[in-house]
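One chain, chain A, appears in both complexes that follow, with chain B as partner in the first and chain C in the second.
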Partner chain A sequence: MSGGKTLAIAGVFLVLGVMSLIGGESDSPLKPIVITPELKEEFPLKSHHAKLSFECTFCHVGQGDDPKEFTYIGDEGCLSCHQSKEHMAERLAFMDKLHVNPHNSIHDGPTLYCDECHNEHKPSTNMCTECHEHDIDLWMRPTP
Partner chain B sequence: MKKRILIAAGAIGVFLGLFGSWVTYEGLHRTSDDKFCIVCHEMAPMVSAYHTDPHGGQGESGFKASCVSCHMPHDNVFNYIYTKAKNGVVEGAIHFFGDVDAIDWHANRKNRDKFVYDDGCISCHSNYKTNAFISPKGQQMHTHYDALLGTDKQIGCASCHVEVGHMGLRTVLNYYKPEYEYYEGKFDAEKEAVEKGLIEAFKKGE
Partner chain C sequence: MKKEALSRRDALKFGALGAGLAVFGASNAFAAAPLEKDVKFDEEYDVIVIGTGFAGLAAAAKAAQRGNTVLIVEKMGRIGGNSAINGGAFAVPNNPDQKKHGIEDSAERFIADSLKAGLGINHVELLEVIAARAIDAFEFSRECGAEYKLGDKPSWFGGHSVPRTLVTSDMTGAGIIKPMTEFVEKLPRCKIYRRTKFDDFVLDAGGRVVGIMARTNYRFDSKLFSDDLENTTGEKKVYKAKKGVVLASGGFSADRIYRKLQNPQIPDNSDTTNHAGATAGAMLKAFQIGAFPVQVDWIQEGPWASPDERGFGVGPQLNQQGLFKYGIVVDVRNGKRFMNELADRKTRADAQYKILKEAPEAFPVALGTYNTFDKQILPLVEKGLATGVMKKYNTLDELAADRKIPVAALKESVAKFNEGVKKGVDEFGKPVASFNGECIDMKGPFYSTRTAPKPHHTMGGVKINTKAQVISALTNKPIPGLFAAGEVTGGTHGASRLGSCAVTDCLTFGMIAGENI
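Let's look at the complex of A and B:
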């Protein structure tokens, strides 16, 4: 084999190699996130979600594979499982009778952002308490 | 002579076998719907919520699942009959001799994985992984469900589908037994409407 031919073949392999590397980089699957005890402590899950053995990326869709870089998933993320705000309001329809349904409040209807009250990795805070500090315990349990 | 006796014995055997099967089938079939179950089981709110659900005949097809479709194991016929008989005795005893008011329905709902049998769900929803009407998130969750099967983290259909088969169950339960004192006595009209609705539904044979 002549030196020129060898060089050409080597060149083709080099180009193909580089191409596969570039392609491989863009399509590389995300590293699976190992949920260590430290990670669990830093980002605890609600008990009802923990019971379902959720993986981080079930909620943090398209946010890579570094939990420290994850951001809020927005209403859309929550509702990808929980259907709609109207559906959530309907599940507590009995509370409408006394106008205390937090998902269909007399002030805002079913329009609040999920994270006005619900947090996943830290304790939730109920927005109703801002005004109804003293009577909220009567008609509502702690916010899940 | 011996041959005749053998044939007669065989014929009687076949007859008894078929008769026994028929009695068992009819017995199980006729004691499987809400109208029968509610006689002893304390479940008026559950049946009321069921009547407003697709599983209670409110879907487009009008199909109605019976109580046992979801609340009995379907893995083998002996387990099915045993569970049915056991529940019948236990629930009957509670109904006639127990303290019905002491039943904490709200707390019991947390055990829904124990009394909703996935094989019942899957016997109808066999395409739960491939059904194109299920959202991508739903399909992802069903794959997750499959991955956990047989592990110590196994979950059930009712783990996520919290009011499946009984639309608005928590609300109807509150009409009967409010979760908070604040609501006590406030749902008398609603409860009455539920009771009336049930009587009418059973009269119509729904």
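Let's look at the complex of A and C:
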């Protein structure tokens, strides 16, 4: 992920109000992607990402300007904003006590691929349910 | 993600296989694999290991420690497969905690126990290796960073004639997998490629295994009926293995096609205690290049599993260390018992299948009272109730009504069982004489689960010798460059593996493969 992009995203978080001024890739020769209702329906964003008015190219950096051609951004893409798996584990560290921190699980530690559970354009799933189908409700809310 | 449609036919074409077929003829077993002269290697290592479970990581750790460059390929996104979700129980004959607590054990004793459970069809030479080197495997895992609960009397698992099982500190196999993964990755020029699916062995003209074909960015899809046959994701790569390949791909309890071929009683929709990636594909590739198949139709099923939860869950413990002992299991259609609830796993699973074949939804119901549960699983009782896997009733009438069992017949079965316990004789041969009159307490409350057999461990696999070399059916000699360890190998445990011996087998033979390659 480019440093420019990281800065841009940081800007989004800091000054949401003036986000439109910062834009995505300022020097990009690409034509801006118009988010049509159809596109929105085909590639819905998570509510928390939608609230921040993310543009496609914030995540799909350097992938051109045709949403149909965009590819999976991988852990690296997610972590360009979410810092590191260890950082995410730390945020849920209160769950460590019962060995149920999904980002630092007793079985996997902080090693899982993000999309093992989290999806952006389709509903997320929870890998823990593969074995903990019922008891997961005792310790976890739906996967964001 | 980039997708590349790679059909099986394409995969075979890749590497101009046609040339191989022309030279060796269709009857030659290794004509089924791509040849070195027809491929271009993308990367080169001394050793390639297939699978990141106990066996694969132990092999990689040993091989890497000896200075080899090692690549481990893992088709799943997670490291460790079944090993990471396993209970972390490790049978170690002659371990220090046995000595500390004055427990007499020996290699002979371990072998005798295994043979008894295995109905004598075990390959004894492999058991001998495990008995002799389990302690080394245990120490090696500690060298890699695994931690165990030590100092207390070892755990006593069913079928073992003495307590000999040590348990990891976090009570999961991940307690071994996680440190071993770090250990391997820290060694120079050793790496693990996850989401990388082994597709085929690459052979040289003499039939030696010199590499593998794989697909990177592979996304396992548990929604497919057969991921092995249908999944076309990933980008093809060819990796060279200068010294050889270790097959440590695990068992096939989750393979709907292969397990049913071996035991047609297992329905397609049968759950398993295993992770979804436990399929037969890699083992079948070894058969294709000539590996001897051994006892593949012995599939160990857990008769203590529950159809009301996925995977292993809490049911097995609630039943094994609970309802199955002082309680009973009945056929819901007639309220009658139909098996010795403490018989070996196969006898019980077969008895359950007899019912389920006639009525696929008539899952036999286990019932008992509070006195049934071992102390250590009391916390699980609440969990079982909270998740609905187990239910609690004030009376047998309530239980019968809810579980749809004829109530008069159920009461008669309970009364008959209780009388038997008092007399010390059970109609199905359950060892009730040792219960000291302890049985179903008629004042209740009553606890109950539904039961279903689930494939748990596949006993069969490829034939290996005591050096973990895979033996060829074409020559009865080792296939050059091919080693195997763990559940993908067959014969070691015969008809039925004793609990906590899988970790022992996988780590010991993984280590041996890494030492010999």
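Methods note: the second predicted complex is superposed on the first by the 116 of 144 C-alpha atoms of A that agree within 3 Å, B and C clash if a C-alpha of one lies under 4 Å from a C-alpha of the other, contacts with A are read in each partner's own complex, and residues count from 1 in each chain.
One rule holds in what follows: contacts are C-beta pairs under 8 Å (C-beta built on N, C-alpha and C of every residue); 3 or more make two chains touch, one makes a residue touch a chain.
The model shown is predicted, which means the values in this text are computed figures rather than measured ones.
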{"item": "Touched partner set for A:F58, first chain B, second chain C, both or neither", "value": "first"}
{"item": "Touching partner for A:C131 - first (chain B), second (chain C), both, neither", "value": "second"}
{"item": "First, second, both or neither for A:H99, with chain B first and chain C second", "value": "second"}
{"item": "Touched partner set for A:T111, first chain B, second chain C, both or neither", "value": "second"}
{"item": "Partner chain in contact with A:E86 - chain B first, chain C second, else both or neither", "value": "neither"}
{"item": "Partner chain(s) touched by A:W139 [first = chain B, second = chain C, both, neither]", "value": "first"}
{"item": "Shared chain A contacts, counted only where both chain B and chain C touch the same residue", "value": "138"}
{"item": "Interface residues, chain B side, partner chain A - complex", "value": "135, 137, 140-141, 144, 148, 153, 155, 159-160, 163, 168, 170-171, 174-175, 178-183, 186-187, 190"}
{"item": "Residues of chain C that touch chain A when the two form their complex", "value": "1-2, 77-80, 84-85, 170, 172, 174, 178, 181, 194-195, 275-276, 309-314, 383, 386-389"}
{"item": "Chain A - residues contacting chain B, complex", "value": "51-55, 58, 80-81, 90-94, 97-98, 138-141"}
{"item": "Interfacial residue positions of chain A with respect to chain C in the complex", "value": "71-72, 99, 106-109, 111-113, 116, 129-135, 137-138"}
